[in-house]
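Right after this note come the structures.
The following pair of complexes shares a single chain, subunit A, combined with subunit B in the former and subunit C in the latter.
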Partner chain A sequence: MPETVFAPWNDPAEKPLIQFRNVTKRFGSFTAIDDLSIDIFEKEFFALLGPSGCGKTTMMRMLAGFETPTSGTIMLDGQDISPIPPNKRSVNMMFQSYALFPHLTVYDNIAFGLKRDKLPKDQIDARVKEMLRLVQIEKFGQRKPEQISGGQRQRVALARSLAKAPKLLLLDEPLSALDKKLRQDTQFELMDIQEKTGTTFVVVTHDQEEAMTVASRVAVMDHGRLKQVDTPDRIYEAPNSTYVADFIGDVNIIAGHATTQGETVSIAWADGQPPIIGTPSKPMDDGKVSFAIRPEKVAISAEKPTDRNNMVQGKVLDIAYLGNLSTYHVQLPSGIVIKAQTANSRRRASRPFTWEDEVWLSWTDTAGIVLES
Partner chain B sequence: MDRHRRHRVGKLMNLRRFSLIAVPYVWLLGLFLVPFLIVFKISLSDIALSIPPYTPTLELSEGWAGFRDFLSQLDFENFEFLATDDLYWKSYLSSVQIALISTLICLAIGFPIAYGMANAPREWQPTLMLLVILPFWTSFLIRVYSLIGILSQEGMLNQFLMWIGLINAPLTILNTNIAVYIGIVYTYVPFMILPIYATLTKLDGSLLEAAEDLGCSRTEAFWRITVPLSKAGIIAGCFLVFIPALGEFVIPSLLGGSETLMIGKVLYEEFFANRDWPVAGAVAVILLLILIIPIVLYQRNEQKMMDADT
Partner chain C sequence: MRRLTWFNATSLTLGFAFLYIPMIVVIIYSFNESRLVTVWGGFSIKWYGELLQNEAFLDAAWVTFKVGFFSSIIATILGTMGAYVLVRGGRFYGRTLFSGMIYAPLVMPEVITGLSLLLLFISIGLDRGLFTIVLAHATFSMCYVSVVVSSRLVSFDRSVEEAALDLGCTPFEAFRLVTLPIIAPAVISGWLLALTLSLDDLVIASFVAGPSATTLPIKVFSSIRLGVSPEINALSTILIGLVTIGTIAASLTTKRAVMRRRREEQMAEQAG
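Our next item is the complex of A and B:
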């Protein structure tokens, strides 16, 4: 029996937990969210990705109830949430600044929401202890927020927002204050917690790696609009625009003119270079295109490869050594620079190419993406 | 040689550090302890028809014997006198009561003003702040005198109240305790507003949102977050009003009536009307002892606030 993949967005029978329907938010004359529609499903780990100021926090704040849309509706569980005040929504938010109450202990911070629900004391106590255990800060329950480290504070904030077992948890750049190592560990912990609790997470980040690591789907935003909503691998391998391709990871983008040849297109792109053969994801008209190819899909060799349609010759201009990988910047006779990446499976001393070496770059017909531009 | 120099540098450093520490102590000694000792000495003396109006005075020319003689004449009679005449303890009590009630009224008025200021648009705040401190640009005495003009039988307040038809006959406000309360609250409310405003502007707005997010209504968030987090400012404001109000004498003597008992007024009368410096000294010493408790508490609160900031 094949394992069923988690992909409710592909199932038309599935009801979304959150629905943005043509939501626009303006601050004065400035449009922060521009006619945005999106469905987010239960148990999703949904990442909002985009440059600073593109409206990610504004979207979260509308979900939490701190901002109301200028037009359009937001539905939670099939119900319009605009008349519901923040304290009545089964949505909790982990704030970018953590917003821990400085006058309360870690324990009381986590118990804060539960006490508002007037739960019996022993039940609150049990739940707080469970949360402390979940985020592994049992020892710090009686400390004040100022007496614990940044990483521990972030855990307290997470525990506090999880304590009420909300239908939806909003995390606004939850890990931005952590250093890289701790951030990676915490990303996996977050995924673990999300799986254990079955809560729907919407996480804001401007770190594309983080979005790729944790999310079931990623929404790439720009200036209050959605550019693409897709699974991390699709966003990476099949971006629908040069903006998305450029935003996620490293990419070579080559402008050219396409002519359809059956299944493939032939792209004329520079004088004196053979055309690039690419495979578009859907049939397209002849005309101007952008050809996007990831550096790791470009092979680099000293000898002219024999098995590929696409190959160019150039000179090594620069080498970026990243430890596990090396990125070669290769300049073609026309002046265009193409990046090629190889894994460093051998020690650095035996690096095959060096500056000024003449090399061949090559890639297969399906390695790149043809984007109408 | 090197060691020698280091030694000298070390000595210099010690000297510098010593003088840094010494400055506040010299200040306290000169401006607080010495005057206090003089007043304390006067309070142990006896009244006399002389200049200055008390005996004994220290005659340094008579040497050690003179000093022993001087000490032997000092006693606690004046303090005993304060305990026997109920005017004094009643005045102390009434002062504490008036200061306490005034402090509470100042808090009730000052907190909402500070809250409104802290939540006003940023560009308005300097102006609002200016409005709060504007009265200090006029002499305190002039302001109290103008209060007489406002509160008297024919004053503006009565005229206004009669004009809008709220009352038919003028109210007697001047020369009652009510006028004293109005005067103290009017004078000291800025001291309540400013520290509370200072703590409220430091309050992180996302804390209130977090509280709402976790299920608090706006009002509940105010009581559970805003009030506890502005506690230090509230305490500071209360002491800044209570301490000077307790010893206040200008306001009760100008606005209060015969019923108004305040220790500042008693002190003034003993000193200037009765020219009984020793009894006045004793009254002042007791007043200071009463004030030391709130002053120490106030200092503790300030220290805590500073620790919290760093």
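Our next item is the complex of A and C:
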């Protein structure tokens, strides 16, 4: 079997399923979406990620048809969907509150959309049963939404929105009402169902872990604009701005002044400290930069390391023990605190460092990201 | 549990005595043999018999029932529609004014409502009778329906309606298939309220009623002016009986609904 990576966004011949073209949405004087353009492809699991109020929900509601753009066009399958009302769109939505119909049974909730299409009875029945099987709630067909648990309601909502086999499924914070353990299990199920049905999923979430786990691509949004659209690993390892670096995961950000030295740059950042050697992703001019480095890429040791260009000495200020990991907050003589993370791979190992210990932090030339600021 | 102190016991007795002694007096005297209302002449149910022979009272009762039935239905439809538009209609120009105006008739003295309706009916040349009473009652009771239904709509999860649209409903279908079944309890209690208001009303009805149609409250009030007859006591007792049965039935229904909900919650917990 030939190994093909699913990456339609890199293929110029691929036609996008959804196109936002210079879409702006204003509510009075508030701009929710600011001149936004994006392509989303068929069979993608696309995540819109951002803090509340960043415009991600507005984007989703425009796709569903509950809001119309103030300017710009949204195309679905090459067709401008602005004039099409929500009930005529081949787009279905799973609501954050699930929005199940409380007066109907689980079965009738799932059959609701199919009945609107005036399908023959036996076809509806077959489809509903298929959906109940897909989300593993066959037993609860005759119950009312009040008579099932939160996790089961989430499944009913998913089944109901998938029943009409939409071209595009929108999921608004689909797992936010579930507790952590159930959420993690359901994430994988969601990916599984997406793969089985081949439906394009667009999920809105403020939970970065969820977005990273489920999505083929993640769009990080802020104030109605896209900050970065990329695969989860690129978003994490190669953020294009301090905003994205800071929003996803934990990061140390150090401001400094860069001087180019061939492939690398030398960043002067604090008095009395040797410059940081970093590798920018693209050639850059000298000037002010931010150096971002993830805590797990900073090594901590008692002895001065010999094999690395970047090293600083400091005192352990705080230790956050998370079970699988420990994060050390190390204060440098200049007052700057740098976080370093180590995996607790051995059980019962005595903690190598404690508060007030003098330690060395070090990292390689390519461990951090040099961002123009 | 705290014990009933003498103070609480006294207030309880006084309060209930205040409320119910007048009614008990009416009920007792409805079984009075004597024609004189205030003199006890022995037990008898003859006034009930006479009441059932009294064509005028029976006609008035029938008119009251018809007025209540039709006016409460009109009021429920109009009131529900009004509430829906005011809560869901988005921000149209003058919306605040309209929602304020819905409440105005609730505090308007009935005399004024009755008088203005009377003037309106005269000026458009509408003959006073059953029809005008129905219109008048629908007019003032629809505000009550509107208030009851809109308070339910405000607490209604909007996304349920959006889900219906999303799944292929036209806006009207979404209302009929999803919104209406969910707000049905509020619509029904609004309807009951409108019905009660219509059955009770004396002031407005006496303005807009014509010689062809007299409601029971008007009939009772006018016959009392000629002296209280034991028949009125019998009628009052029957009405008290009907109201008691209605109230008990309503509270039993509510209690059953609460019990059912509790059972369902238990089922959900077990399912979880």
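Keep this in mind: the second predicted complex is superposed on the first by the 369 of 373 C-alpha atoms of A that agree within 3 Å, B and C clash if a C-alpha of one lies under 4 Å from a C-alpha of the other, contacts with A are read in each partner's own complex, and residues count from 1 in each chain.
Basically, a contact is a pair of C-beta atoms (placed from the backbone, for glycine too) under 8 Å apart; a residue touches a chain by one contact, two chains touch by 3 or more.
Predicted model only: the values in this text are computed from it and were never measured.
*Asks:* Should the superposition on subunit A be reported as showing a clash between subunit B and subunit C, or a fit?
*Replies:* After superposition on subunit A, which the two structures share, subunit B runs into subunit C.
*Asks:* Identify the partner contact of A:117: answer first if only subunit B is touched, second if only subunit C is, both if each is, neither if none is.
*Replies:* So A:117 meets both subunit B and subunit C here.
*Asks:* Determine, under the contact definition given at the top, whether A:140 touches first (subunit B), second (subunit C), both, or neither.
*Replies:* Touch partner of A:140: subunit C, not subunit B.
*Asks:* Mind telling me which of the two, subunit B or subunit C, contacts the most residues of subunit A?
*Replies:* Comparing touch counts on subunit A for subunit B and subunit C gives C.
*Asks:* Please work out whether A:148 is in contact with subunit B alone, subunit C alone, both, or neither, and reply first, second, both or neither.
*Replies:* In the superposition, A:148 touches subunit C alone.
*Asks:* Is A:164 touching the first partner subunit B, the second partner subunit C, both, or neither of them?
*Replies:* After superposing on A, A:164 lies in contact with both subunit B and subunit C.
*Asks:* First (subunit B), second (subunit C), both or neither: which does A:103 touch?
*Replies:* Touch status of A:103: both partners.
*Asks:* Once chain A of both complexes is superposed, is A:66 in touch with subunit B (first), subunit C (second), both, or neither?
*Replies:* both
*Asks:* Which holds for A:198: it touches subunit B only (first), subunit C only (second), both, or neither?
*Replies:* neither
*Asks:* Looking at subunit A, which of its residues have contacts with both subunit B and subunit C?
*Replies:* 64-66, 85-87, 91-93, 95, 97, 99-103, 112-113, 116-117, 160-161, 164
*Asks:* Quick one: in the complex, what on subunit C touches subunit A?
*Replies:* By the definition above, subunit C touches subunit A via 157, 159-160, 162-170, 173, 177-178, 181-182, 261, 264-265, 267-269, 271-272.
*Asks:* Using the touch definition up top, name the residues of subunit B that touch subunit A in the complex.
*Replies:* Residues of subunit B touching subunit A: 204, 206-207, 209-217, 220, 225, 228-229.
*Asks:* Which bits of subunit A are touching subunit B when the two form their complex?
*Replies:* Answer in residue numbers: 64-66, 85-87, 91-93, 95, 97, 99-103, 112-113, 116-117, 160-161, 164.
*Asks:* Can you list the residues on subunit A that touch subunit C in the complex?
*Replies:* 64-66, 85-87, 91-93, 95-97, 99-103, 112-113, 116-117, 140, 143-144, 146-152, 160-161, 164
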